[in-house]
Amino acid sequence: MSSRYFRKRSHKAGLPPGALVPIGKATSVSTTIDSIIFNSDELIVNQSIDASDIDAHVEDTRILWLDVKGLKQIDAVEMIGRKFNLHPLVLEDILNSAQRPKIEDYNDYLFIVIKSLRYDDVDFVTETEQISFILGKNFVITLRDVESPLFEPVIQRLKVRKSKLRESKVDYLTYSCIDLIIDNYFLILEKIGDRIETIEDALVSKPSHQTLGQIHKLKTDLIFLRKSLWPLREIISRMLGGDIPFINESLRPYLRDLFDHAIHAIDTVETFRDITSGMIDIYLSSVNNRLNETMRVLTIIATIFIPLTFLCGWYGMNFDDMPELKWRYGYPMVITLAIAVASSMLFYFRKKKWI
Amino acid sequence: MSSRYFRKRSHKAGLPPGALVPIGKATSVSTTIDSIIFNSDELIVNQSIDASDIDAHVEDTRILWLDVKGLKQIDAVEMIGRKFNLHPLVLEDILNSAQRPKIEDYNDYLFIVIKSLRYDDVDFVTETEQISFILGKNFVITLRDVESPLFEPVIQRLKVRKSKLRESKVDYLTYSCIDLIIDNYFLILEKIGDRIETIEDALVSKPSHQTLGQIHKLKTDLIFLRKSLWPLREIISRMLGGDIPFINESLRPYLRDLFDHAIHAIDTVETFRDITSGMIDIYLSSVNNRLNETMRVLTIIATIFIPLTFLCGWYGMNFDDMPELKWRYGYPMVITLAIAVASSMLFYFRKKKWI
Amino acid sequence: MSSRYFRKRSHKAGLPPGALVPIGKATSVSTTIDSIIFNSDELIVNQSIDASDIDAHVEDTRILWLDVKGLKQIDAVEMIGRKFNLHPLVLEDILNSAQRPKIEDYNDYLFIVIKSLRYDDVDFVTETEQISFILGKNFVITLRDVESPLFEPVIQRLKVRKSKLRESKVDYLTYSCIDLIIDNYFLILEKIGDRIETIEDALVSKPSHQTLGQIHKLKTDLIFLRKSLWPLREIISRMLGGDIPFINESLRPYLRDLFDHAIHAIDTVETFRDITSGMIDIYLSSVNNRLNETMRVLTIIATIFIPLTFLCGWYGMNFDDMPELKWRYGYPMVITLAIAVASSMLFYFRKKKWI
Amino acid sequence: MSSRYFRKRSHKAGLPPGALVPIGKATSVSTTIDSIIFNSDELIVNQSIDASDIDAHVEDTRILWLDVKGLKQIDAVEMIGRKFNLHPLVLEDILNSAQRPKIEDYNDYLFIVIKSLRYDDVDFVTETEQISFILGKNFVITLRDVESPLFEPVIQRLKVRKSKLRESKVDYLTYSCIDLIIDNYFLILEKIGDRIETIEDALVSKPSHQTLGQIHKLKTDLIFLRKSLWPLREIISRMLGGDIPFINESLRPYLRDLFDHAIHAIDTVETFRDITSGMIDIYLSSVNNRLNETMRVLTIIATIFIPLTFLCGWYGMNFDDMPELKWRYGYPMVITLAIAVASSMLFYFRKKKWI
Amino acid sequence: MSSRYFRKRSHKAGLPPGALVPIGKATSVSTTIDSIIFNSDELIVNQSIDASDIDAHVEDTRILWLDVKGLKQIDAVEMIGRKFNLHPLVLEDILNSAQRPKIEDYNDYLFIVIKSLRYDDVDFVTETEQISFILGKNFVITLRDVESPLFEPVIQRLKVRKSKLRESKVDYLTYSCIDLIIDNYFLILEKIGDRIETIEDALVSKPSHQTLGQIHKLKTDLIFLRKSLWPLREIISRMLGGDIPFINESLRPYLRDLFDHAIHAIDTVETFRDITSGMIDIYLSSVNNRLNETMRVLTIIATIFIPLTFLCGWYGMNFDDMPELKWRYGYPMVITLAIAVASSMLFYFRKKKWI
């Protein structure tokens, strides 16, 4: 049974650090490796290459981008690790789909983990994809735990000769990928903005127990979005801070822009959280108002008819000697009395603005 | 369908950074460019100049202020970008009406984005205008996504010879514009202060479900106001921090004053938020009190008449042998009993201070 | 119509910075200027001097204290500004009764704005007085927006020969004035402490809708008190930080003491806020308890008498053939049944601890 | 009338700084001075010495500990102040029982103010004792606003020859006193921990309006505990930070331990606050549940008997021509109908799990 | 009687610092000492050695790991303290089961205290184990207050020749132990994640007073988890910060990984806290909804039958002269009227969507 809020890692406790045990989604999708070799003059794309053939793709002058999708074949990941001389802990983190986003500088290479979110319009579910970047002098390795067309736009732009992507180094390629991931966050935020409006309208027109469930779901989604976004901000901030290898000075304006977008996304999440928290109050007040209305109906009906019923009960008594019963105008008198009681009650309620 | 809380930027995801795609309002208003050239001696105003004629307006000694209103004609923006050698990301940010306020130093020029808010008295809606400043050695370019008379007072003061504006450099002009924008925030805060008072009075006299809606609206407005003001504070703080080109030491007292105003505005927003949050409690308590009152009316009526009705029912029974029914003082006795029951109930309620 | 929470400054938007437009109270009280000249040997007090005569009072060796009360005569303020060479923004801030407390170093003089609060015992209203200090080499100018005996104790102590005030420089005089202002804050805090106790007692004995109004008023007062106190702390902290002209090293212990008092006041405000926030819960719970009690009374009465009424109704039916009606012990049987029903209900309620 | 939350200091406003006006408890307990002179070889204890004899006790080589209990005799405090050359503000702070805990370095001596709390088991009241430390080269003066056996354990340990206390300097003596004070905080925290458990058990078994009062009292106590503890942390942190005279390097491990205890106490207070805040929710929910139960009883009774009463009422009508009244099986039919109605209602409630 | 939230330490107040008084669990489990001596070539395990034999185990070249389980025999702890020259305060902290996690550098050795949590599946209780590490040049002493198989996996890995553990120094051994402890935190977090899901499902399907108890328990557990985790983060951060003896540069990547895990655990706790806080709202809303439903049933029944009962009562009056009673179609008319009243009420409720 899978956990909604926490990826199982129980079976890992007690193993030595660096043990390659896939956690979460990483286990389920089989591995495909695409190799893209390019410089300003040429671009060679090899799809679905074999992990053992990677050697043939490593280059001295041109830039190599290895895009690894699915992490089921641990030996392929291990082979890449050996070839590029990666630390065992890096491989462990790559295989752990519950890894927290982070950036780590291993001198020979830069290791970045980022989460990409995609909104599934059919099931209204937010899907997470974890992407690890290994950034070396002239290679970028991206390892992702699911198979998705996420980087398609970057590959398309790479195919254009004289494009900035083709003319630049590994840093601009990495930036382009991260930019794409952040753009996806804005798509999610749009959907959430729409959901907030829908719920607000529902709160005004016809709030139901279901509405509260939606608010709870919304709040939980925002909590998780926030949890993904904050480390992203730290990562870009670290990249901006300088002292990071393979990130050139010329990338600064772009990173600054990226940072700006990350802040904007975080701001929006916080704003959404603020708006959402106020909704509960409106919901509870609506429920209270409805209770009030129910009670008012009951009170009006009961308050008018209980005294009248008493009146009837009174003259329904069987005493031998009740003079009113024999009066000529006894019955009309009671009719008048009943109308007077009912009218005065109605008048009282109208004065209280209950009806 | 436009989103209340978030500007659509879906169509932008996947495009290369620096791609000029207008987002939000920027798309809808066509571009007008006013050129103002001045020094202490002369002032030349050219309204609605052509983007391709800008070259003729660029000056070496005098100061040029290009005021661009409406951003629909992307080619005009691009032409300005080429002429003043602006970074593609700057142009991208200018065209994005959902841009977060920020300041960025590009060495050759300073790039500032600020949001101006205007309260529409007719529709009770707060309207946002995004203003981008490009600040060079002897030029200031302001680009705004809507057409508005926002800068009219600055232009009027500029027309006065020997005014400080005419005698100063680009920094004082920029300061004057930002000062105007912050003054507008205070106008909004005044309106919100009035709304808070109106709601507080309503809470005391006659709270309704509508009142809660107003509180929610107020809270949402304050959240957005805050979101616009915090970055403004950062921007002015950065300008004050020094190390910013084209901002002279002599501007410091003015910037300090500006910073002071920004802090004051933020303080006021936070105070308003604190006051508003307490209102929900009063509202909920009012609703509860009304429920209490309804229930009290019901309980009083029911508690007086239900025992009396029982009494009547008792002597309405048809047993052949009910001695009381034949007693001479049976009926007067029941009348006395009924009065006693009702009185003791009323006495009990009076003691409980329910009536 | 004046705003409860925000001083109008609408008419100021668009004017050049430094324009002398009084805001708030500053407009209403006419200007009186007292001049006090002193050194350790002599003390000369001139009350209600003319603004144009100030020149005659400026000194080289002795210390001049100009106490300006009421700011209606803008030209008097302007004359002082010209004489002491004050920046236009300083004059603008002095005339703005909605100015945020602050300290600003203009090299030739120090500019401090502080708010003094006074509790009006008659109307239970907290009154604000804004005091601007201009601190030069051998002069102190205090400008206040209302006429009040605030500084009377300082003037009395100044009259005592050999007192520390007479022997010291401008910094000790300023310190003495600020010390007085902070002492006033403690008087307000005492009153608020009393109000908290009164409300707590009311919550226990007899909470009413009025009590909630008092809690709301209390919370609002604490919000404003806090808003006045935090900047005061910053001001004293800045004075303590050194690098401030005209503040001598020998004043340090006194400033440290002042800082300590400011922190103490802020601490107390925060504590009061914490205590107050818990009160709403008690109030709401009291309201709920009362509703519970009302409902219990209704339920007890209804639950005892409704079944009994049914019993009476049953034997009030007119069927020709109801054998019980003819039984000899029919009526006593019903009496017994009624007593049994009522007793078992009462027993049930007693077991539930409802009565 | 004394204030629960704030010590009166109204009569002090306007007096010059350094004026010796006792505030709070300081006024009520008369002064006793104990003198303890010791070095590793000897220990001389003189109880209840006269303030004017202090001169005779000051030492060059041995360490003098003056323990002043009760501050009613201001002249004794003044005499000590003159003898040890204390700043007027120090004396003012000592006499102010509402002083905030703090540490101040006066070069010739160190001035520390700390609050000790003691839980009174009889009245369930937390009592505060304010202790001022004056720490010089070879003297320690402790001034306390009440008479209590607080330092008894330290004095007992001092009497033991070769004990670390006897062998050490003034810093270790001061540390031992503060350690004792912090240990007392843990005793209070234990009591509060017990109270939390008692309240939690009451919330589960039988919550009453009294329980809420206890929660409010608990929260208020925690607020005050926190207010005393935070400055204590700052004080020890300052002592640890170095640059403080008379505190030797060898005391570091002990101060670190003290700091650790202070943090632990603060942590516990924060944890208690978190737990307590959740209690209100449980209480309110209990009240709501009880209301629910009351309403359910009422609804069940009313819903069963109201239709039955209607049935009886129907056949209690006096129409001349009601055929059912004459039917042979009319009465049995009504009995059957009544049982059917009651059963179906009971079945409905059982299905709803109300009974 | 033991306290749920706070370990008693009352009997310790007043004792000199460094007094060896066990607090909490430390008192109850008798002491066993295991000695493990190893280098890359050999591994010698001695179980249950005598405290007085420790001398024989201390080594110059190989690494000694003393694993002390249970702290009842204080003299054994004292003997270790004397042998390894530990500060009295260190021994005091080891024996105090209520010690806050911390790291302290005593130059000759490093002292670390950490709490390990274990979830007991049988009793649903979280059990705490306190582990003190003494880290010297070539020895590690672990002292734990309970007997548990916690370090079993480390010992197993140590038995493997050529393993990284056998080849490394004391720092990697310590790291491996702490890594194990943090892995255990993730197991607890998993269990809590499961509990959150169970509660969320219960909230949707059938919330009861018990559910609220579970939420309160969950919140309290999260508060304590958080209290254990935050200091852990500080400890690892200090170890990462450098300047700590016996921690080699080569351990950095491992410590960074540990830090990452600690942050991840803290993040998860905070996320859980956010989710949990929203649950109370849903619970209260459910209770309110149920009240609403109850009241609706009552109101529908009462509102339909009370007017009908009045109708019956009316024609149950015994006036001599009530013409309707004698009408031919009197009874059918009343039947029609009753059906009309009931139908119109039902129609009204249907329109209001109550039925």
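A, B, C, D and E are the chain letters, set down in written order, and residue numbers restart from 1 in every chain.
In this text, contacts are C-beta pairs under 8 Å (C-beta built on N, C-alpha and C of every residue); 3 or more make two chains touch, one makes a residue touch a chain.
Note that the structure is predicted; figures quoted are calculated from it, not measured.
What is the set of chains touching both chain C and chain D?
none
When the C-alpha atoms of chain C and chain E are each averaged to a single point, how far apart are the two points in Å?
Result: the chain centres lie 42 Å from each other.
Using mean CA coordinates as chain centres, what's the chain B-chain C distance in Å?
One centre to the other, that is 26 Å.
Please output the residue numbers of chain A that touch at least 2 other chains, ranges allowed.
284, 288, 291, 295, 298, 302, 306, 309, 313, 316-318, 322
By the touch definition, the chains form a closed loop. What is the full order round it when you set off from chain A toward chain B?
Chains encountered around the ring, chain A first and chain B next: A, B, C, D, E.
Which residues, counting only chain A, touch chain B once they are in their complex?
The touching residues are 152-153, 157, 163-165, 175-176, 179-180, 183-184, 186-187, 189-190, 193-194, 196-197, 204, 253-254, 256-257, 260, 263-264, 267-268, 271-272, 274-275, 278-279, 281-282, 284-286, 288-289, 291-292, 295-296, 298-299, 302-303, 306-307, 309-310, 313-314, 316-322, 354.
What part of chain C is in contact with chain B in the complex they form?
By the definition above, chain C touches chain B via 3-6, 8-10, 12-17, 87, 89, 92-93, 98, 100, 102, 104, 106, 209, 212-213, 216, 219-220, 223-224, 227, 280, 283-284, 287-288, 290-291, 294-295, 297-298, 301-302, 305-306, 308-309, 311-313, 315-318, 322, 324-326, 328, 330-331, 334.
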